[in-house]
Amino acid sequence: MYYASDNAGPAHPKVMQALMRANEGYALPYGKDDAAARVAGRLREIFEAPDAAVHLVATGTAANSLALACMCRPWETVFCADLAHAEEDECGAPEFFTGGAKLTLVETAEGKITPESLEVALARRPRGSVHGVQPGPLTLTNLTERGTLYTPGEVAALAAMAHAGGSAVHLDGARIANALVAAGCSPAEMTWKAGVDAVSFGGTKNGLLGVEAVILFDPDLSWEFELRRKRGAHLFSKHRFLSAQMEAYLHEGLWLEMAAAANAAAAELAHALRRVPGVALLHEPAGNMIHAQWPRAAHRRLTEAGARYYPAGPLEGDGAAPLAARLVCDWSSRAADREAFIALLAG
Amino acid sequence: MYYASDNAGPAHPKVMQALMRANEGYALPYGKDDAAARVAGRLREIFEAPDAAVHLVATGTAANSLALACMCRPWETVFCADLAHAEEDECGAPEFFTGGAKLTLVETAEGKITPESLEVALARRPRGSVHGVQPGPLTLTNLTERGTLYTPGEVAALAAMAHAGGSAVHLDGARIANALVAAGCSPAEMTWKAGVDAVSFGGTKNGLLGVEAVILFDPDLSWEFELRRKRGAHLFSKHRFLSAQMEAYLHEGLWLEMAAAANAAAAELAHALRRVPGVALLHEPAGNMIHAQWPRAAHRRLTEAGARYYPAGPLEGDGAAPLAARLVCDWSSRAADREAFIALLAG
Amino acid sequence: MYYASDNAGPAHPKVMQALMRANEGYALPYGKDDAAARVAGRLREIFEAPDAAVHLVATGTAANSLALACMCRPWETVFCADLAHAEEDECGAPEFFTGGAKLTLVETAEGKITPESLEVALARRPRGSVHGVQPGPLTLTNLTERGTLYTPGEVAALAAMAHAGGSAVHLDGARIANALVAAGCSPAEMTWKAGVDAVSFGGTKNGLLGVEAVILFDPDLSWEFELRRKRGAHLFSKHRFLSAQMEAYLHEGLWLEMAAAANAAAAELAHALRRVPGVALLHEPAGNMIHAQWPRAAHRRLTEAGARYYPAGPLEGDGAAPLAARLVCDWSSRAADREAFIALLAG
Amino acid sequence: MYYASDNAGPAHPKVMQALMRANEGYALPYGKDDAAARVAGRLREIFEAPDAAVHLVATGTAANSLALACMCRPWETVFCADLAHAEEDECGAPEFFTGGAKLTLVETAEGKITPESLEVALARRPRGSVHGVQPGPLTLTNLTERGTLYTPGEVAALAAMAHAGGSAVHLDGARIANALVAAGCSPAEMTWKAGVDAVSFGGTKNGLLGVEAVILFDPDLSWEFELRRKRGAHLFSKHRFLSAQMEAYLHEGLWLEMAAAANAAAAELAHALRRVPGVALLHEPAGNMIHAQWPRAAHRRLTEAGARYYPAGPLEGDGAAPLAARLVCDWSSRAADREAFIALLAG
């Protein structure tokens, strides 16, 4: 009964096997391994972007921060959701990698930036006055931090607004596979065809040990990215072990298969939650993340029984009072665990 | 015949098996896994340092840069060897992580900082004048970049000079296992007993996929290190895969066993090299790295036959003219390869 | 009719005369001039803070940014008003000087942070989770950006909340003289007695050419401040010209005399504005700054006649529609100008 | 008898008078004053560079650091003389403003970088390997820190080497007026005609209170410079007082007149020094700075009598032993002082 995050489950056995196979003899270090080139080629195919630059790193924060740093000068501002990972959960990594760029928070509804809220934020940072920071990139997270989905059309609308003001667009795709499965669209439709300039293509939350690809649709940023990656200590000497994970991930659609499994598990869980009296879903879950609330007494029952997830506050107090929680399913989620969870919750 | 670096060989099978075993069920992310605590405990035992803080990262540059950043304010200077990895091979990572500290280069003889050269460097950066950067930490690399060894006594002499001026001491131990095997001393003797305040304890070059431990003998730096690691995007969500590697590495002395194998391979290679007419060793190799020179014609012969290593210049030109090269052996070095190499070299 | 800012008027003749007198013969550079020591001593007396460190810089942004940098590590956050100069008007200088600290915006009412809004902001940044930035200093601006005043009691209440969470308190005193005149309290009462740890003591907006003093009630920060000042290129070789301005400013209460003149001018202007039909004051002006609104037609009349101030939007459009404006009086404000302004406004 | 530096003497009376005149009524702040435009226009004329961007700051370190930051990405390296002000005397300001760029030291002979030493330095930092920092700008100081002069031809030779490797060229002209007088060439000949891309045009050491102009021959860098200046807290609200100084400085050649006076004073002093037994000049002084040595006993005699200058070591010890010293003359140097100095020296 582990729903705290999708970063705590196992890697897929096929990924582990690929890692074993990669551990043969010598391989050129620092991204010069043959598999690195194969992975880049495969991602270009998947994204229908033959000119894109592709680079691997090992953490999502590195992917986001390095990509944003290539798109943002120190005196510019990154526009991000008020609850974005970049704002809340990276200990200031975007500020560190950009050399001190400011994050301008954009209000969200259901976890999503809206055209209205983006307009307000862009208006706060006009270009051209030396007194204020200048407008820099917009970063969107899809799936969002609330488990909701931007459709390609919604991405396109926001990206168009950003581009109109001279801002580039970054997509934090820590859960992009879940988003693509949910949206039923192609990677290209969700990204460059909708105006996205760079993607953090996450794998760690979806069955890898720790690999993310950064895809830069503007290949002119490639060399700067490489230098920033090295300077940020994120270029692996034994890069082949990153390549191997990502190659297995992309092979025969394993990545989408795992995302589909995670999404299906969450859908089942949400379906069951809806039927438990006293439980309310706070957002319509689109992928593998659920936000819901139920009485504190049930939280205590679950926690004592070993269920793991993030409640939004302390479990003490009035047992009847509702308390929100976040539940995330990963590819390895088991039906039996979900049933046990629901049974405990129902009491 | 791969002697370009010890970062291009395979991980040890026991490490791979540990990785497989670690891939079971759920584990708390971000360094809260049980294995992380076990690894820290084990390293405290090995270093006889019950209060030391221990943290894992995935690259040697991250280990060095984060450790130095905790020991150095932006307006201070790091004293390092003129050919240190931190100066030459990290694309400015120390400057990035410290917030712009200056590196003051200390001259080396046989790859080693000497008391005389350190005295000159320390004198260049007096404390107390607001016009100059202030003295910060000294970083030593052992094994050195030339494959030579600082004895514990030599480390102690340099550390005492640094401490006298208020500078802390960092040890870049990318090859510390090779150094310890070569010196025949304990980890404590080579480090804190000799005045070292923090160690980058390398594993990547010695049979791991990519893990280094940072050991801070001053535990008061621990929380700052954790924040810098997170902010630098070097805190792994699936940290258990770092822990598993390091745990296997430390188990029953595997780390020293691998270092001993690498050192022995290099010793054999050096021994054979000495007997080839026209070959000269440039330094007395202490561990697993050799610097030697031989005629360009032999370089060309080797390279064409697939041998891989770093020559110090272009292979073209007068075939009789000597050209230097660096050869590094890793734990998996095979006798047959070495013999083939020598045979080609001898012509 | 210049009310755009108090940074566009002349310096006081006594200040200019002091500058002339300072231009005699040789003086030790870089803050070693005798006058620097006298100024520091005088400010310690005025603030009843015999141990405080005092340093001079030439811009308010330098004073704020350097002081905050000494109170804030890169992974911490500065709590500041949502309309603070540090957030809106310094092109990211606090981020630059701190090495990338995040600014957490605190909501304001009448330009002032309230205990309620500060509580919300502090709760957003709990100490101890490595994922989020850590709480750093609170900075208050007095007079505020809306021309309102924090009383010593209000400062004390906010400072106590900050201190309870381990945060230090900085006062941006670009208009501290105006605030002190308005509050009728002593410098000590407004600052360290109320819990303020460091003050940017502004002079530039109050009759100097360009000098601000930073007063650090914790003298242990003094040397770090000096190093940051030098590294930030804000240590003047001909420092005597900064000292001379500040010495004249503090002599026989000139600074309070000028602030009183500016405040009185604004009070007169506000009094007259209140009597003009169609004019509404948006805040109760406490010092030398007024926010008011009146019909666009009157704005156009004023602007065409040469009046200078910041309207809150474009002057075009419905002449009857009200539009807000900021008016700031400096020490040299003339009654005749104010009368002409009112006459034009009244139409 | 003050020869410690040319930053400790008075400003020229004409400059002070201009400052008085500038203190009339209101002027637009932040560089929008009319005089700022006039000064920029005048410097474009003087440098025969109608498209150059011109901006004022108040310290030489700000001029150098901001200019270099516009020419250098964080992962690049600045090539500078091993005894450059940027390396030795700015507490790491270039590192701070560039975001952590490394300074690569170039050996000097007689205070000057030579084609041979520059070649060595450029070869240390090849372009294209991600492991090393990338080549960035070359900065030259003229007059040098040893009081010697680069001729326009020498500047051109070094600049050509830099440009060949893709590096831009910056001239630290803290004493450019003295250099131009010494070289007898035009500002254009010494700078852009010789391949210089940006100049720190110093005024502070030559009769101003504290103003330097940065001249960017590539006007595309202008907006970045403005943003960096603001973010660095170096944009003055009462900018008119910077403009006024610089305008007076440039009026009717006052700047060259003052530099000529300083150079002549140093030439006289050098001439007299040569005739004192036991005194040896260490470099041939080209401008207003002399490096010479004489017995310690004479140093003690001078210092006790109130002479101020920088000896290269402690005055104690064998009175007959020679000790070097630096002597700098400013525009206000008096013959009587020089005669007294020589008399004391001669004993």
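Every chain is named by a letter (A, B, C and D) in the order it is written, and numbering of its residues begins at 1.
FYI, a contact is a pair of C-beta atoms (placed from the backbone, for glycine too) under 8 Å apart; a residue touches a chain by one contact, two chains touch by 3 or more.
Source: prediction; values computed, not measured.
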Worksheet entry | Shortest chain-hopping distance from subunit C out to subunit D | 1
Worksheet item: Once subunit B is fitted to subunit C on CA atoms, what angle does the rotation have, in steps of 5 degrees?
Response: 180
Worksheet, complete the sentence: Taking each chain's mean CA coordinate, subunit A and subunit D are separated, in whole Å, by 51
Worksheet item: Distance from the CA centroid of subunit A to that of subunit C, rounded to the nearest Å?
Response: 42
Response to the item:
Rounded to the nearest Å, the gap separating the Cα centres of subunit A and subunit B is 34
Worksheet item: Can you list the residues of subunit D that touch 2 or more other chains?
Response: 74-75, 90-92, 96, 99, 130-131, 227, 230-231, 235
Worksheet, complete the sentence: Per the touch rule above, subunit A residues touching subunit C in the complex are 74-75, 77, 88-92, 95-96, 98-103, 130-133
Practice prompt. Note which residues of subunit C are touching subunit B in the complex, please.
Written response: 30, 73-75, 99, 130-131, 134, 224, 226-231, 235
Practice prompt. In the complex, go through subunit D and note every residue touching subunit C.
Written response: 2, 5, 7-11, 16, 19-20, 23-29, 57-62, 65-66, 90-93, 96-97, 204-205, 209-210, 227, 230-238, 241, 308
